[in-house]
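All chains are identified by letter, namely A, B, C and D, in their written order; residue positions are counted from 1 within each chain.
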Amino acid sequence: MKKELVKRESQEEDTIIKIDGEVIIGDNKLMMIAGPCSVESEEQVMEIAKQVKASGAKFLRGGAFKPRTSPYDFQGLKEEGLKLLQKAKEKTGLKIVSEIVSIDDIELFDKYVDVIQIGARNMQNFDLLKKVGKLNKPIILKRGLCATIKEWLMAAEYILNEGNKNVILCERGIRTYETATRNTLDLSSIPVIKKLSHLPIIVDPSHAAGQKYLIEPLSKAAIAVGCDGLIIEVHNHPEKALSDGEQSITPKMYEDLCQNIKPIAKVMNKKL
Amino acid sequence: MKKELVKRESQEEDTIIKIDGEVIIGDNKLMMIAGPCSVESEEQVMEIAKQVKASGAKFLRGGAFKPRTSPYDFQGLKEEGLKLLQKAKEKTGLKIVSEIVSIDDIELFDKYVDVIQIGARNMQNFDLLKKVGKLNKPIILKRGLCATIKEWLMAAEYILNEGNKNVILCERGIRTYETATRNTLDLSSIPVIKKLSHLPIIVDPSHAAGQKYLIEPLSKAAIAVGCDGLIIEVHNHPEKALSDGEQSITPKMYEDLCQNIKPIAKVMNKKL
Amino acid sequence: MKKELVKRESQEEDTIIKIDGEVIIGDNKLMMIAGPCSVESEEQVMEIAKQVKASGAKFLRGGAFKPRTSPYDFQGLKEEGLKLLQKAKEKTGLKIVSEIVSIDDIELFDKYVDVIQIGARNMQNFDLLKKVGKLNKPIILKRGLCATIKEWLMAAEYILNEGNKNVILCERGIRTYETATRNTLDLSSIPVIKKLSHLPIIVDPSHAAGQKYLIEPLSKAAIAVGCDGLIIEVHNHPEKALSDGEQSITPKMYEDLCQNIKPIAKVMNKKL
Amino acid sequence: MKKELVKRESQEEDTIIKIDGEVIIGDNKLMMIAGPCSVESEEQVMEIAKQVKASGAKFLRGGAFKPRTSPYDFQGLKEEGLKLLQKAKEKTGLKIVSEIVSIDDIELFDKYVDVIQIGARNMQNFDLLKKVGKLNKPIILKRGLCATIKEWLMAAEYILNEGNKNVILCERGIRTYETATRNTLDLSSIPVIKKLSHLPIIVDPSHAAGQKYLIEPLSKAAIAVGCDGLIIEVHNHPEKALSDGEQSITPKMYEDLCQNIKPIAKVMNKKL
């Protein structure tokens, strides 16, 4: 059988990912991504972008095409949303992370976005994986809600197998019986992945926890367990957010979080 | 909020689905689907088709585009596979059920297939759901491996909302901690769905159980709990199958199964 | 390693359990148990006993010592409850099933109860298992909420290993992420157990489903999948029940259920 | 309804537990427990005790009465095991933690053990909870394998309600579908418990992970997320251990672990 490209056996040293020659993740560099669940308006995205940049984020996240449980929920601003993210990039210098949900949008994302996210629901949308595997952009591959670690790595393999080696895994919680949190953040997956694979891995405490007060302690734990970055939902008015308001922290909370994880990042020999 | 089209509140009477004026499911008609996991060769598909037809199946299932965990597993014969299914249809009169995995293949499926299946991994591939929602063909929507009943119904809503009312739900087991079976068949979902929705629902004991000896007892239970049909993997040489050999029963076992479920179907007032 | 006593390898033929020479389960005899979650008063228990007997139950269930999540919930009438069950037995001839929660009560249960139940929470209370293993009474061993089938059988082994061969397994649903039902009834466990073990197995649809309307369809499925009996919560005033009112059916519903499962029992060659 | 004693609403400040006037947990004091899964011999327990003490442990754990899935697995040295732990205490000054499995052993544990552990399988053995609730000793209450946080707190309530306020919760992983680890360590439970309750909470990475290499990273994460202590399985010859050898680290690995968590403990303002 072919040796899987995602495995340590295929590549001993950790993957380091660069954009325009600059390391964005790996080599002790923490990838800090923050921003709203959905892009809602120019004012919203600009304000949040400036604030998370001031706190230390290097990437702005924002959903333009939203995969929602019900067809009647807000589905995102679509291309208009991507253009607003582009504007925010021009103003702040933050690089852009956004989720793709259809192969029809590949060109749009290639144009507007620096790092393409594949969401949990599409982790085994193999058609989409193969298409982004032909691009030259970094891909964040979120773990499916009930994906095993092995299935997750094999999903990444679909991307690497097409030629794109710039895959960043993202642990975002798995579905269990526990209802005190939205999902159960599986922090054990980070050292397990580190053992099996050379790919970098970040953590999304926002979707896992589903509640604001859990974001900072889980972020600290994620850094301490050895992750390579954090993707966090930040909204300037969480109570008015069109999606995921419950779990979105304020820019002020994000500022505190960045300050409070620094000493742990230092202990772990990681740079923000 | 808009009243969801999948709900009993929107349509009191059970949905009955017809092809060319003939009822295929609903109105006490059990939809019997059988065939191999993957279409492998003309000989294979023809032999199985004849045998399952003789036992009472009205639909031939067969995978031509296979969503596989690893990119190095057999990915299906693609269009060639659909053509072989078409040939089997011409020979036997069985209608064809096959799984679609990419929006790029919509026209191909519209041409070759009578009932399009959306697999568990794509249950929340909303892009694909919207596209098949614009067709006029019956759609089998499998439950995602860790989808709640509510999420499953909302996925069906994406299809109905585009105009296609011919949706058949398919319970195929959910992922739990138990490893004695491949997945845990959630037969409670059938009466729950019957209460909440007017849509028909079939059961796939093959993927749920993962082992041959469990297929018949689970099929009986599925009929007794009130389902509207069964989709079962049948292979003429399970030990040589390119996929899912463990859970594929032989044509002879399928013949017995059809005989043995008849008395229960009769008790439940259902026609094969 | 010692060959486990619960395994088919140790005993090929199915275990048949008798009380006073009369078969209560096995040999195609369905064990029908019904009654309230908790014994609440003489009037309550007498009324229910008469009604479920008229419908076909041979065993009266009723909790006297209740294991409750909170210490402030109703904990049962204790010995007084067992005495009321004894009275109902004298009046109706129904045999008594009740749950033991402490080794301190062994003598009490040996005196008042015909079949001792070990609840899901105590499935791996090995101390209790060993103690009831020294008795001569039939033991119903419920599956733990997240017990694997293997662990469940090994728990039964603790009882058999002490000398008591009269163990009846009881599937009552496992804990999963799905919230539409209280637990997920794992009907696959019945044929799996039948393959691995000679022990009889009954189904408790009440605790699994948690809602009245699901009890009858799940009972039918349980019979069709091959179980050896049903334990069902019946209350004369479910809306006033001190525990489990939501899932308790009325005596009238139990009467209908008994009528409606008969044709399926007949197909399965089982006697009520 | 009575206000639950475990809740913050009943006691705003964190519970601090002392033995002989000395704080063992709470007030920024980390409770460090280490030792073998099972007490196997005097030599074994003495050697491990000395080594973990040298590394910084203040408590020696060791199983004397072992709850094992199969009755044919090693069941522990029983009272002899407790006596060996007592000897180790005399030699090293380490306090003793051991698991109780039967109410019959209450006096024995009261005599030989400093902190009594209730294992995951007995979390809802309410009879045992009530009995230890009448003692004056600290109790470690492990989370059940599929217990919700609410059920876990209500189990602790059974102890507090009897008068014993010295309860230490212990997160040890929950059962999920993932098989890469023995269980899924739910580190979110620590901040959730801290919000709901005043009780201290420790983490057992050994049982959760099931593999040596995961113990240190999970220990770091546990400290960073805010836990009050660690209970870790250490064996001088893991490859020969009578139980849990896979997950037991060596004394040398424990020494490294203690060194490596110190800087994170310091950041979190905790003292070892």
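The rule is short, and it goes like this: a residue touches a chain if its C-beta (ideal position, glycine included) is under 8 Å from a C-beta of that chain, and two chains touch if they have at least 3 such contacts.
Small disclaimer: the values here were computed from a predicted structure and weren't measured.
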In steps of 5 degrees, what rotation angle do you get fitting chain A onto chain D on the CA atoms? 180
Over half of interface residue numbers shared between chain C and chain D means same, under half means different, so which is it? same
With chain centres defined as C-alpha means, what is the inter-centre distance between chain C and chain D in Å? 34
From the C-alpha centre of chain A to that of chain C, how far is it in Å? 48
Of all residues in chain A, the ones touching two or more other chains: 146, 150, 175-177, 179
In the complex, the residues of chain A that touch chain D are 146, 148-150, 174, 176-181, 184-192, 195, 208-209, 213-214, 217-218, 220-226, 263-264, 267
Contact footprint of chain C on chain D as seen in their complex: 1-2, 4, 67-72, 101-104, 121-122, 124-127, 145-146, 150-151, 154, 157-158, 161, 175
Within the complex, chain C is touched by chain A residues 146, 175-177, 179
